[in-house]
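Each structure below appears as structure tokens.
Heads up, the next two complexes both have subunit A, just with different partners, subunit B and then subunit C.
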Partner chain A sequence: MIAKKVLLVGNFGVGKTSLIRRFVLSEFSEDYISTIGVRVSSKIVKVGNEEIKLLIWDVAGTNDDEKIPKAYFLGASAAMYVFDLSREETYVNLKNQIEVVQELSGLKNITVVGNKKDLLTSNEIDHLIKTISVPVNLITSAKENENVEDAFTILAKQSLN
Partner chain B sequence: MKKTTVDNKDNRFELLKELLLAEDRKDFKLLQEEILESQKFKLKVDPVIDEKIEDLKQNFPEYFGDNITESIKVQIRESQDEVVEALYPIMGKLIKKFIVAEITKLSESINDTINNKFSIKHIIKRLFKGKKTDAEDVLQEVFEPIIEEVFVIEKDSGLLAGSYSRGKIADKDMVSGMLTAIKSFAEDAFSKEGQDLEDIKFENFQLSIQNFKTIYIATATSGVINSDFKDELFDKINNLAEVVLRDRSYLSDEEKLNKIIIETFIKDE
Partner chain C sequence: MIPSKIDSVFIEITTDFKGVIKRVNAGGFAEKEFIVNESIFFVCPFLIGTLEALPLDEFFSMEGMIITSNSIEFNVDVELFRSKKSISVLIHDRTKVYRFVEQLNQSRNDVFFAKREISEKNKELARLRKVADKANEEKTRFLAMMSHEVRNPLTAILGYTDMISEEPLGDKAKEYIGYLTSAGENLKVIVNDILDLSRIEAGKLELVSEEINIKEIVNNCFVNYKNQQKDKVVVLDLVVSSAISDIVFGDSVRVTQVLSNLLSNALKFTKKGSVSLEVELVYAGKKTTEICFKIVDTGRGMTVEQTAKIFEEYQQNELNDNRVFGGAGLGLSIVKRLVEAMNGTISVFSELNVGSTFSVEIPFKKYIEQQSKSGLSRINLEKMSLKGMRILIVDDDLLNQKITSHFLKKKDVTVVVFNNGLEALEELDNQSFDVVLLDINMPGITGEELIQRKSSFKKNNNTAFIALTGNATQKDRGNYLSLGFSDVIFKPFKSDELIEKISVFFNKF
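Take a look at the complex of A and B:
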């Protein structure tokens, strides 16, 4: 089975960990995770006839003020940038933040996901997507388990390219 | 029928009673109604209360577990001396029992090793051995160092290329990912550029990490690790790295790599 390292990045509180919790069950303690700033979880995903073991590195934040070791981004085959649809500060600098992830990871394509769909109306979401500087690949709700599986399938497909 | 005088008197008496006790009767009636009402209420409420009590009996830990734990924590925090005093006799006995058992085991093991070491066969052997002291010899045999785990991990991605494990690790891929993350974190936080994390001590285990160009090899060992064992281990790690880095097909064939790990580290044991 192929194993791929994939990244999950985005500001604090956007719901990255909730997305992972919906997708896999993590066994590491929270104290540990907050100390080193990353959580590694694994999940087997089927893409076509192929099974891929995703090693998901949930990196806490990408801001300059958050001292995250650059090594966390190395060797990744795909990355998902998650922002919170209900908090402007998590997508106001989306373009720059994605460029930072691209630079650190060496990846060209980053899957952009807007989470917390359940907190906005469909009109608000449509309007918001138009105003955001980068194309949004998927809108999810970890709380209502909407499009979570799809987001990770996109990530798995991307890791094969 | 015409009423007699006596009848009239009785009636007057009754009338007087009615007049004088009217208020009391009203109170009595009210009291009676109240009692009846409360009896009716009791009949309605009794089963509900029984049900609640039963529910409380069944689910007490769930309802109050957290509060009780919290109260105990607070109590322990605020009255540490009293708690220690109360627990000391019990804990002391348990610890004493455990230590006695462990020392007995240890002394048996040391006796066996010493008897063995002073046999004619070993005295002759000792004449030919190098610098190793008898104490080192005995310690090494009592707490024999054991290679518990070997992980060959891709340096950047943290992906596991191959491994050997004596224990049962549920998800080795996740462990190698977290180990890589911890390694990166420690190197980033404490080291100067170009320096690598090499040793982690955890309970009875010593984790050694040897870095190579594209991979790193992590080994977990238990027991008393002396310099000879360490040298031997590093030799084995270097030999494995040499084989793997010369023929990169090992890194894409987990089964093949696992075989060579066992051949390198375990077959001599």
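Take a look at the complex of A and C:
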């Protein structure tokens, strides 16, 4: 079995920890506790016939003017950029922020996930997606456990590329 | 020898390229977790992938990583160095520092989310306020429209009642006409009160600041009620302090409204004894003066409980008060709001079966040059003749036409009547008039449209045009004056009001 280091990055409070908790532990909590530094969780996923041990780095959320330390990306095989569908400031500069992550990580493809879909109507989400300047891979809800598994599967597939 | 305090906060390990611990070089931090010949990845899963990718002969650091020892989580900073033979891993326990960072971050983020929540609530409040404002505007518009619609028939009711009362009538008929007049007047008060209240509630009450003669206002109010009290046993007194300035800046309409309302109330509830209006100086500064208006009656008075509620809306002291005395119970509530809008105060002292005293204190800006405003003496309207005056009435309401004509003809005025603006337009080019009384809402050409064509008339360019309208707000009045009307008379009007306003222009001829 191969191990792959993958990172979840994005503004603080977008639900990175909640996505990981939902994926790894099948848990969700409404309480918001900000992440300090990096917490690494792991889960074995199957992509095709291959089993991968995903080492998921939950990187502390940032402000717009903060950059993720480059060291975190060393040896990373894939990264997921998470934004909050209900908070404009988390996706208003999405294109630029993804370019920064690409530059820091050296990764060509970044999985883009819009979280907290439970807070918006489907019409609102459709409209929002049209206004976002980069393709969004998946719309998720850690709270309602919607598309979380799929988001990490996409991430795992990308880690193999 | 490393001191134990330092020794316990770091550990230095050497591993091979696969992460197998080869040696613990120094330090005692979490030493039980790092076992020689075992993988460092058990304790430091974050090194998986990282270790293999380390650049050669370069120091590499990672901050804020988490490791677990004895089931306790520690925040550590890690320094890595890959040589040709092995990898050196230096781990610093920075848990205390990161706890502070964590608290700061948590607080920062909590503040952010709290601010966001407040901002969202403010947005929602602003939205709800807009909705409420719109509803309020609609209500005001509706009330203004209804007021207009009610005023026209009310003009007819009051006018014809007045006309009938001048005819020879039997006792029964006189009695019934008395009731009809009373009911009509009561309806007029209610319409005005409702409109006033909605305007105040919508924050659209606009006070005028103009030169006003307090003594004249007080005297006019007094004379008005004195005339009405001729047949009654209640004595009406007026006491005005000589220290009161004649001219101040204020809103004569609203001051009159306040005094009229209080006097009317006092007379309503006083069956015997007296009602007095006392005007005293409270304060006289260089620029301002404060005047107290006291309305003292020996009427039925009120209990403490009744007094406490007297300024509330729709309050009348007994369930059937409004049936006996009329009104919607809005008068005193409006008075209080008007007084407050003038930066004044109102208070009441009352004793059951002894009487009540309402005290209104209002500050006014002083008029520096103490001059009489108009110098006009009160006109004796009853004896006045307007003989020789030619007045054009333009009104689409037949009943209103007849009433207005009747009032004017009694004063020997030559009256010409037209049903609409279009007919009048033609005649204004042919005949000269001293005054034109113009209804506003008419089919074809409205009064507003007609006045705006005044300068193009072949005749009557200098004639006084007076708006005769049921649109009875001060805003409407201001609008009509700005369009070129010389004055505005609100429906329903009394004969005296009509004649007094017209007589101003008669004096000019």
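Keep in mind that, in the parts below, the second predicted complex is superposed on the first by the 142 of 161 C-alpha atoms of A that agree within 3 Å, B and C clash if a C-alpha of one lies under 4 Å from a C-alpha of the other, contacts with A are read in each partner's own complex, and residues count from 1 in each chain.
Keep in mind that, in the parts below, contacts are C-beta pairs under 8 Å (C-beta built on N, C-alpha and C of every residue); 3 or more make two chains touch, one makes a residue touch a chain.
Please read all numbers here as calculations on a predicted model, not as lab measurements.
In the superposition on chain A, no contact is made by A:Ile44 with either subunit B or subunit C. Using the contact criterion defined above for the overlaid structures, shared-chain residue A:Leu160 touches neither subunit B nor subunit C, since it reaches no partner. Once the two complexes are overlaid on the shared chain, A:Ala60 sits against subunit C while remaining clear of subunit B.
In the superposed pair of complexes, A:Gly13 makes contact with subunit C only, with no contact to subunit B.
Counting contacts as defined above, subunit A residues 3-5, 36-38, 40, 42, 55, 57, 69, 71-72, 74-77 meet subunit B in one complex and subunit C in the other.
Residues of subunit A touching subunit C in their complex: 3-5, 12-13, 32-34, 36-40, 42, 55, 57, 60-61, 69, 71-72, 74-77, 87. Per the touch definition, subunit A reaches subunit B in the complex via residues 3-5, 27-28, 35-38, 40-42, 53, 55, 57, 67, 69-72, 74-77. The part of subunit C that touches subunit A in the complex is made up of residues 45-46, 48-54, 60-66, 75, 98, 101-102, 105-106, 109-110, 112-113, 116.
Those residues of subunit B that touch subunit A in the shared complex are 154-160, 170-171, 173-174, 177-178, 180-182, 184-185, 187-189.
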